[in-house]
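The two complexes that follow have chain A in common; it is paired with chain B in the first and with chain C in the second.
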Partner chain A sequence: MPATYENIATTTLGSSQANIDFTNIPGTFTDLVVIATLKRAAAGALDANIRVGNNSFDTGSNYSTTLLYGTGSAAGSTRFANQTSILADYYGSVNDTNEHIAIYQFMNYSNTTTNKTVIIRANRASSGVDAIVGLWRSTSAINQIRITLDLGGAQLMASGSTITLYGIKAA
Partner chain B sequence: MIGNILGGAMGKLVVAGDFDSIATTTVGAGGTGTVTFSGISSVYQHLQLRIMAKTNRTAGSQGDVINMTFNSDTASNYSYHQLQGDGAGTGASGSATQTKIQLERTGDATADRFGVIIVDILDYKDTNKAKTTRQLGGFDNNGGGQIALMSGRWGKTPLEAISSITLTPVVGTLFTVNSHFALYGIKG
Partner chain C sequence: MPVTYKKIASVTVGAGGAATMDFNSIPGTYTDLKLIISAKTNAASISDFTKIRFNGVSTSYSNRNVYGQSGSPFSSTNTEILASCNGNNSTASTFGNSEYYLPNYTGNTNKSVSVDSVSETNGTNDTYAWLAAGLWSNTAAITSISLSPFNGTSFNQYSTATLYGISKS
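So, the complex of A and B:
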């Protein structure tokens, strides 16, 4: 029986860099699962962002996010509409001490009839936890994913940051 | 979340073949009022439902909700809790002695916008414990929508292994075309 849950690719940074990209993602799966353990190269915390696309990354204001967070002393919710990326974390953000972990689930990513939705859990024990739903307003299939700490490329992910991409295939 | 990490949420390495696709339903033209998975094999340890769905609830309603029942049981044997955020504020609630477990949140009739829900059903075949579920779901509508964490329990006595799962919309009457429901089994 073909594998239902398959490792497509893994990237572990050997040096600091701005983005982690997965390209040429096959359209043969049903859902994609990304597991990320990220570290920032500089001090302080930043939010990871997600861009996706079909043969090129969509840089337009075609993304939005609704999120729920807990900080240890408060819970809250906020949203961002008409953005140039999906916010992949909020209080579960990425800092320079190896605490961040997140799982992104891109559901039915390869269909060409619906807008694309990703659901996310992000955590950083010293800061908070997030549950996030993000939307890419395009019916194009996703065949590339970018994870970045800075859409302008100035802020870097540190060496040792790891992202693994899995595919889940329904019967 | 079980099934999300190949390393295994329960601390055991999951190898290829331990996460199986059991059945998939993709809704066709005209929609459907009920999705049922029946004859679920008892060879697995846990189940995972992965849903991308919308209903015919009025567009702009911030999505819809799904009722989930097991083994055709519609008696008051269920309970659930939720923590949700709608982009403006948070809410939390608990519902005891229910006739279903609710899952949030699907899309509504807004074109091309679907909600997604991942449901873990733990120890589904164990007749020594009530069945527990864990859900993460959400619907974003670019200025609207909701994200929710939920838990559920099915406590019918005598305790039963889950052999069927039935899903129906709460407000809308139909799951609409291209809604997708996939059931997976995870071996222990």
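So, the complex of A and C:
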């Protein structure tokens, strides 16, 4: 019986680094699920960002994000269009504790007909909770995913940050 | 090839209801846990919530949430990790659904939880689309989980909970 839910790859940082990348993602699954537990190497909170691509990461203004957030005292919604990445959290952001959890679901990631959507849940109990939808305006298949705290590479994810990529098959 | 996503155990509440739905002796061989719940309680209200206990410990829980009932969304905090479910006064045969995701449940850090839940009734208010960020500030590995109603005293018959283990290798 073929496996429906498979671990594709996992990365646990042994030292601080700017990005966690998954490349050469096979196109044989239907959807992708990413489980991220991130920690920042420096004090303070930052938002994680996602870039995707087909054989190279798209750095153009081809991404947008719409999100719902709760801080514990306020709830709201906002959106960002024509960005160079998808915002992977807002108040459920990454800091130097071990609280952050995010789940990213890329549906129908390998098709070459539609633009690509990702649904994100991001959580940090001391800060907030987010429900996010991101859009990559490209009909190319996704075979690369980058998660970063800083598009410029200056801010680092701490040792122990872990991201696991799973593939889900519809048949 | 090892199975990545595996059912560990399932609980279904029988006639007469049950005060808790429990999972004991959870193996430490997985990476993450996922808990899927369909629940209705005996609370005399349209909605209730499910409360969670790890390892029988009743302290050090926190929860920050965003939810919608109708109109504008709200956000609040709690000293429990909560998921919405249906109460006894909701539409008959209607149960609330929720999902808890617990990454790294055997690790030596505090335990974070992602909660997505809904309760629904054929009415105009008092049900929730509820998302929460939960934290158990305890570095022990999770070996047991107990679910109980937050306001009511028991889960109604046909409430179910299923625990899955997810392996990253």
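Just so it is clear, the second predicted complex is superposed on the first by the 171 of 171 C-alpha atoms of A that agree within 3 Å, B and C clash if a C-alpha of one lies under 4 Å from a C-alpha of the other, contacts with A are read in each partner's own complex, and residues count from 1 in each chain.
As a convention for this text, a residue touches a chain if its C-beta (ideal position, glycine included) is under 8 Å from a C-beta of that chain, and two chains touch if they have at least 3 such contacts.
Being a predicted model, the structure only gives us computed values, none of them experimental.
Visitor: Please tell me, clash or fit, for chain B and chain C sharing chain A in the overlay.
Guide: Superposition check on chain A flags a clash between chain B and chain C.
Visitor: Contacts for A:A42 in the overlay, against chain B (first) and chain C (second): which applies, first, second, both or neither?
Guide: In the superposition, A:A42 touches no partner, neither chain B nor chain C.
Visitor: For A:E6, select first, second, both or neither according to whether it touches chain B, chain C, the two together, or no partner.
Guide: both
Visitor: Now for A:A170: first (chain B), second (chain C), both, or neither, which partner does it touch?
Guide: first
Visitor: Quick one: is A:T78 in contact with chain B, with chain C, with both, or with neither? Answer first, second, both or neither.
Guide: first
Visitor: Could you say whether A:Q105 touches chain B, chain C, both of them, or neither, answering first, second, both or neither?
Guide: In the superposition, A:Q105 touches chain B alone.
Visitor: So, does A:G92 touch the first partner chain B, the second partner chain C, both, or neither?
Guide: Only chain C is touched by A:G92; chain B is not.
Visitor: Considering only touches as defined above, state whether A:T66 meets chain B (first), chain C (second), both or neither.
Guide: In the superposed model, A:T66 contacts chain B only, not chain C.
Visitor: Quick one: classify A:R121 as touching chain B (first), chain C (second), both or neither.
Guide: both
Visitor: Which partner reaches more residues of chain A, chain B or chain C?
Guide: Per-residue touch count on chain A favours B.
Visitor: Looking at A:I132 after the superposition, I want to know if it touches chain B, chain C, both of them or none. Which is it: first, second, both, neither?
Guide: first
Visitor: Between 5-13, 23-31, 59-67 or 167-175, which chain B stretch has C-alpha clashes with chain C?
Guide: Residues of chain B that run into chain C: 5-13.
Visitor: Which residues would you name on chain A as touching chain B in one complex and chain C in the other?
Guide: The answer is residues 3-7, 35, 68-69, 75-77, 103, 121, 131, 164, 166 of chain A.
Visitor: Taking the touch rule as given, give the residues of chain B at its contact with chain A in the complex, in rising order.
Guide: 1, 3-6, 14, 16-17, 19-24, 50, 52, 83-90, 112-116, 118, 136-149, 178, 180, 182, 184
Visitor: What does chain A use to touch chain B in their complex?
Guide: Touch list, chain A to chain B: 1, 3-7, 30-31, 33, 35, 64-69, 75-79, 81-82, 103, 105, 107-108, 111, 113-115, 117, 119, 121, 131-135, 137, 139, 164, 166, 168-171.
Visitor: Which of the residues in chain A end up touching chain C in this complex?
Guide: Interface residues on chain A, with respect to chain C: 3-7, 10, 35, 37, 68-77, 92, 97-101, 103, 121, 123-129, 131, 162, 164, 166.
Visitor: Tell me, which parts of chain C touch chain A in their complex?
Guide: Within the complex, chain C contacts chain A at residues 1, 3-5, 31-32, 62-67, 72-77, 101, 103-104, 109-110, 112-114, 116, 131-135, 166-169.
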